[in-house]
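Presented sequentially are two complexes of chain A, the first with chain B as partner and the second with chain C.
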Partner chain A sequence: MITAGIDCGAKTVKVVILKDDKVIGKAIIPAGIDTKKASEEAFEEALKEAGIKKEDIDKIVATGAGRADQPFTKDSVTEVSADAKGINFLYPNVHTVIDVGAEESRAIRVDGKGMVMDFAVNEKCAAGSGAFIEAMARALEVTVEEIGPLSLQYKQEIAMNAQCAVFAESELVTLVHQQTPKPDMARAIHAGISDRIVSMARRAGLEPDIAVIGGVAKNPGFIDCLNKDLNTKVIVPDDPEFVGALGAAIAAKEI
Partner chain B sequence: MYIEEFKKYYEKRHEYAKDFKKKHPDWKIVGTFCTYYPEELMYAAKVLPVRILGSHEPQNVTEPHIFGMFCPFCRDVLAQGLQGRYDYLDGIMIAQSCLHVRQSYTSWDLHIPVDFRYYLPMPHHLQSARAKDFLKAELEKFKKALENWTGNKITDEALDEAIEILNENRRLLRQAYDFRKKDNPPMTGLEAMYMVVSSQMMHKKDHNEILKNLIEKELPNRDLGIGDHIRLMVLGSENDDVEFLDMVETITSNPAKFVIDDHCTGSRYFWNQVEPKADRLMAIAERYINRPPCPTKDWPNRLRLEHDLNLAKEWNVQGAVLLQQKFCDPHECDIPIFQRAFEEQGIKTLFLELDVLVPVGQFKIRTEAFLETLSSEDLF
Partner chain C sequence: MAKYKTEPLKLWNKAKEIRQQYYKNYATAHEKGGIRWAGGAWTFDAVPAGLGEDVYSLTSEPYGASVAWNKNFALECQEAAEAFGFARDLCSYMRNYWGSILIDKYVFGGPFPKPDFLWQDHICCSHAKWYQNISYLEGGIPMYCVDMGAGAYKPFAEVTESQIDYIANQLLDGIEWLEKVTGRKFNDELFFEACWNDFRSTSRWAQICELNRAVPAPLEEKTMYSLYVLATLQKSWKVVADFYDELYEEVKDRVDRGIAAVENERVRVITDTQPPWAFLKIFRYMEKYGCVSVGSIYTYGLEGMFVYDKEKHEFNHRPLPPKKPETREEACRMLADWHMCKPEYQHFVHPEYKTLMMDAICKQWNVDGVMLHYNRGCEGLSVGIAEVRLGLLKRGRKVMTFEGNMGDEREFDEARTVQRIDAFLETFGIRKSE
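Then we have the complex of A and B:
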């Protein structure tokens, strides 16, 4: 059986094609403002990698904030369920999955079969999301890819409130004026977002093993702060941003 | 320098408490959540009350326990317990103040095991004719609870001794505050904060010894050279924010110093004494009913306003900084009335909202602008 999952996120569209429980194709495309077009491009690329045609796919399921805007299917699951199924497929021993995406973060407690036991999603504030790190990277005049490794070079831990992305940027400006070294500021940013995420995750209840997915999971500075705050070593899958799409592809087998 | 002692005790509060326990194995230590706790009864039962305050650091442990719209202070307080920083406490108690800090108390009670816990229903309607009798009856119950727990009988003699130790502390703190009336105050606002808050964490006998030396040997001749600084008052909810006070008092463009305050971490805590009488419990009840009130209890008439305006006048204040913990509704309801009343007296005000961490950069810009407006009145 061949299934596909399409995750229409705020920043990117991800597609995973699954054949007999093996990933045969995947693609990621910036979402832009035309989700339909981005979905078609992502799907085309994933099909190309899999070496199959769209007609070969038995079932497609969508997930993500823009899931209603893609043209391929009316079947969908929430990001929460998709994440739970995806992580359970990869790591059956994971009981808590933290998904930090571009605009939203969520923590989900999962049972051994990939069922959602409880979950928590970030409040309106962007301080616990990838967009926050992007904004802070701009303020530090580094790229999103650079800010994580930069933060690992910190010498001093500085506390930042980081309750709100706008106010956090103002705090950063103060630190700039105090001539704080860049790695220390980068560390403060990641420590702030980690505090925010862990606070949220505690609402859902933390149960080991803990995995982190979503694009921000690729940021080593953030993962280092999370490991410290959670007093454990979190699991980061190889392609953390694809776990939601993978979960949707698994859901397609069940619908 | 005696004045510097207080800062050491403030910063080493846990070490002091643990050391106290070692030196006084017959005493117990109880953490308190507000300043309405009747210390006299606790001292008489050989129980040292230590006020639980926050640490002004980011934390991620209280989210499941405290509502998002509750104040940062109550969150910071609970975080201390959940992080095990008060693991030496034998008990906890609260005399009812506000809903937010009561949540800290009840969550602490649920999640952190202690031997003794006590909720004292301190009346809110202090201006009621029945408040004193009500509180006295509650003090009787608290007295019995302490006696049962500690095994120490609270005698009249023990109560008299405790009242005197605490009254002496209050007298000495008032004397130290009187020095701040001088044109060239011998103490900064930050030093005053350390002085008062450390008294909430130490045995008052230890604190009194330092205070006596300070008042007799240091303050009379201490010259900080701040006679030309702008004289400020700071008032509002709990404030032991070192970084904020230090920021204001180190501004160089228009230098300023806090010369008086109204906080539960400041003058409101120690302002009035127990007036001794044969009925000791009634005397104690009257002290807590008559003290400068917390806004949760300051109704229907706002008695605190008149008290604060008098302080501003006596300490010759030029400007007032009104601080409030974010989401502290009782204080927030007072702010517009206080601002209007102060402005009517010719005292300009600056309103700032505190969070667990102070955004020093933003606050500094506003404070500098405020001080500029105060000094420009002299210039033009």
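Then we have the complex of A and C:
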């Protein structure tokens, strides 16, 4: 059986094609302002990698904030369900999955079969999402790719008190004027977001093993802070941003 | 193919007619030489009934909810209240009500009908200030307020004679006050009858709620809102007590015949406090999943008289007292004892009491999950709600939370709430039908 999952996120569209429980194709495309167009492009790319045609796919399921805007299927699951299924497929021992995406983050407690036991969502504040790191990277005049490794070079832990992305930026400007080294500021940014995420995850209940997915999981500075705050070593899958799409592809087998 | 048979509630229109009659009676009371008074839905409305059969009330919370349902009118009221200087984070029913006075519009049409006196009880700080401000806004209406600070009821706490006396004596003093401000002689026979109607209404409504333990549930919560509301309007009104007797028979018949409120019932949930009144459509949305809300401690226990049984961990209706009151003192004591038992009072004392009652409801009503409304519009009923969530989770219940406001639509994010509902209902392994 061949299934596909399409995750229409706020910033990127991800597609995973699954054949007999094996990923045979995947693609990621910036969502831009036209989700439909981005979905079509991502799908084409994934089909190409899989070496199959769209007609070969038995079932497609969508997820993500823009799941209703893609043109391929009316079947969908929420990001919470998709993340749970995806992580359970990859790591059956994971009982807590933290998904930090571009504009939203969530923590999900999962049982050993991929069923959601509880979840918490940070949906009202940018300070717990990738958008926050992007904004802070701009303020530090580094790229999103650079800010994570940069933070690992910190010498001093500085507390950023602001709980809000807007106020945090103001606080960062103050630190810049105080000639604070960039690595220390980058560390403070990641420590701040980690603090918020852990606080949210506690609402869902933290149960080991803990995995982190979503685009922000690729940021080593954030993961380092998270490991410290959670006092454990979190699992980061190889392609953390594809786990939601993978979960949707798994859901497609069940619908 | 539907899983269960369903059919409309036969008494639906009658419930609506009683509600309309109630608001009309209040608005037109002066035309017939009658008296108008205002107070909360929790107040001892049986007491002013002793002033005569032409005495009509306006209870504030259901009025605030009626305003909330009318989004444009609500916004007008809220902006008027805020422009006057009242803070936006105050009780939203209260702001709707004050705003209605300030713009001088009755949500059911015409100018806002000014009450002749205020008869209230102090259940939370908002309620006490609510009427103090009404008195002020309306130019100094006489106000009487009964303090309910007598603590929790059995089995959560021991109830001493002096605790009952504390409330009963305030009611006795209140009767003298009513005679003084209205110039009328108090009729004890009317009072006794009103007390009995109060006991009948609130005990019978609890029994109706118990019928919803059946699978499939004969009622769903959105409909229950239109039924329980009659007790919030005037529980001591014979019309309301008689209606609940009739309703009990119809709902029992639905249970006997297996008539469902939601024909594809698969998952049963309960909610908690007041819903966001302008967005009751979320209940219909949940039905697409086959999810039925079978009630809440709010719809059951705001007016329904239940007792928590600690030994059995059960939540059952309180039977009628063995006899009607025969003296004024006895009636006041019976009223005090009866209303101290109200389930919604208990959590003002400790959130654990509410958790225990809700967990018992989950057990007896075959509930799969709980939806807690972080209701920013009601400090009273939202107090301790995060503790309740933890308590229910500890007892193995599935719980989701959503933020909102019962009376101020500006604080409710419909899309986000629907998203949360989607995620929550998917955890039961059910899918939405198109």
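Quick note on the criterion: the second predicted complex is superposed on the first by the 253 of 255 C-alpha atoms of A that agree within 3 Å, B and C clash if a C-alpha of one lies under 4 Å from a C-alpha of the other, contacts with A are read in each partner's own complex, and residues count from 1 in each chain.
Criterion: a residue touches a chain if its C-beta (ideal position, glycine included) is under 8 Å from a C-beta of that chain, and two chains touch if they have at least 3 such contacts.
The structure displayed is predicted, hence computed values, not measured ones.
Upon superposition of the two complexes on chain A, no clash is found between chain B and chain C, which fit side by side. By the touch criterion defined above, A:Glu79 reaches chain C but does not reach chain B. Judged by the touch definition given at the top, the superposed model places A:Gln153 against neither chain B nor chain C. Shared-chain residue A:Thr143: touches no atom of chain B or chain C. Using the contact criterion defined above for the overlaid structures, shared-chain residue A:Thr232 touches neither chain B nor chain C, since it reaches no partner.
In the superposed pair of complexes, A:Met115 makes contact with chain C only, with no contact to chain B.
Residue contacts after overlaying the shared chain place A:Ile255 against chain C, while chain B stays out of touching range. With chain A used for the fit, chain A forms the apex of an angle whose arms reach the C-alpha centres of chain B and chain C; rounded to a multiple of 10, it measures 60°.
By the touch criterion defined above, A:Val198 reaches chain B but does not reach chain C.
If you count the residues of chain A touched by chain B and by chain C, you find the higher number for B.
In the superposition on chain A, A:Asn93 makes contact with neither chain B nor chain C.
After superposing the two complexes on chain A, the shortest C-alpha to C-alpha distance between chain B and chain C comes to 7 Å.
The intersection of chain A residues touching chain B with those touching chain C, taken from the two complexes, comprises 123, 205. Across the complex, chain C meets chain A through its residues 393, 398-399, 416, 419-420, 422-423, 426-427, 429, 431, 434. The touching residues of chain A, counted against chain C in their complex, run 74, 77-81, 115-119, 121, 123-124, 205, 255.
Here chain A touches chain B in the complex through residues 123, 159-163, 167, 170-171, 173-175, 177, 191-192, 194-196, 198-200, 202-203, 205, 229, going by the rule given at the top.
Chain contact summary for the complex, chain B toward chain A: residues 56-64, 68, 355-357, 359-362, 364.
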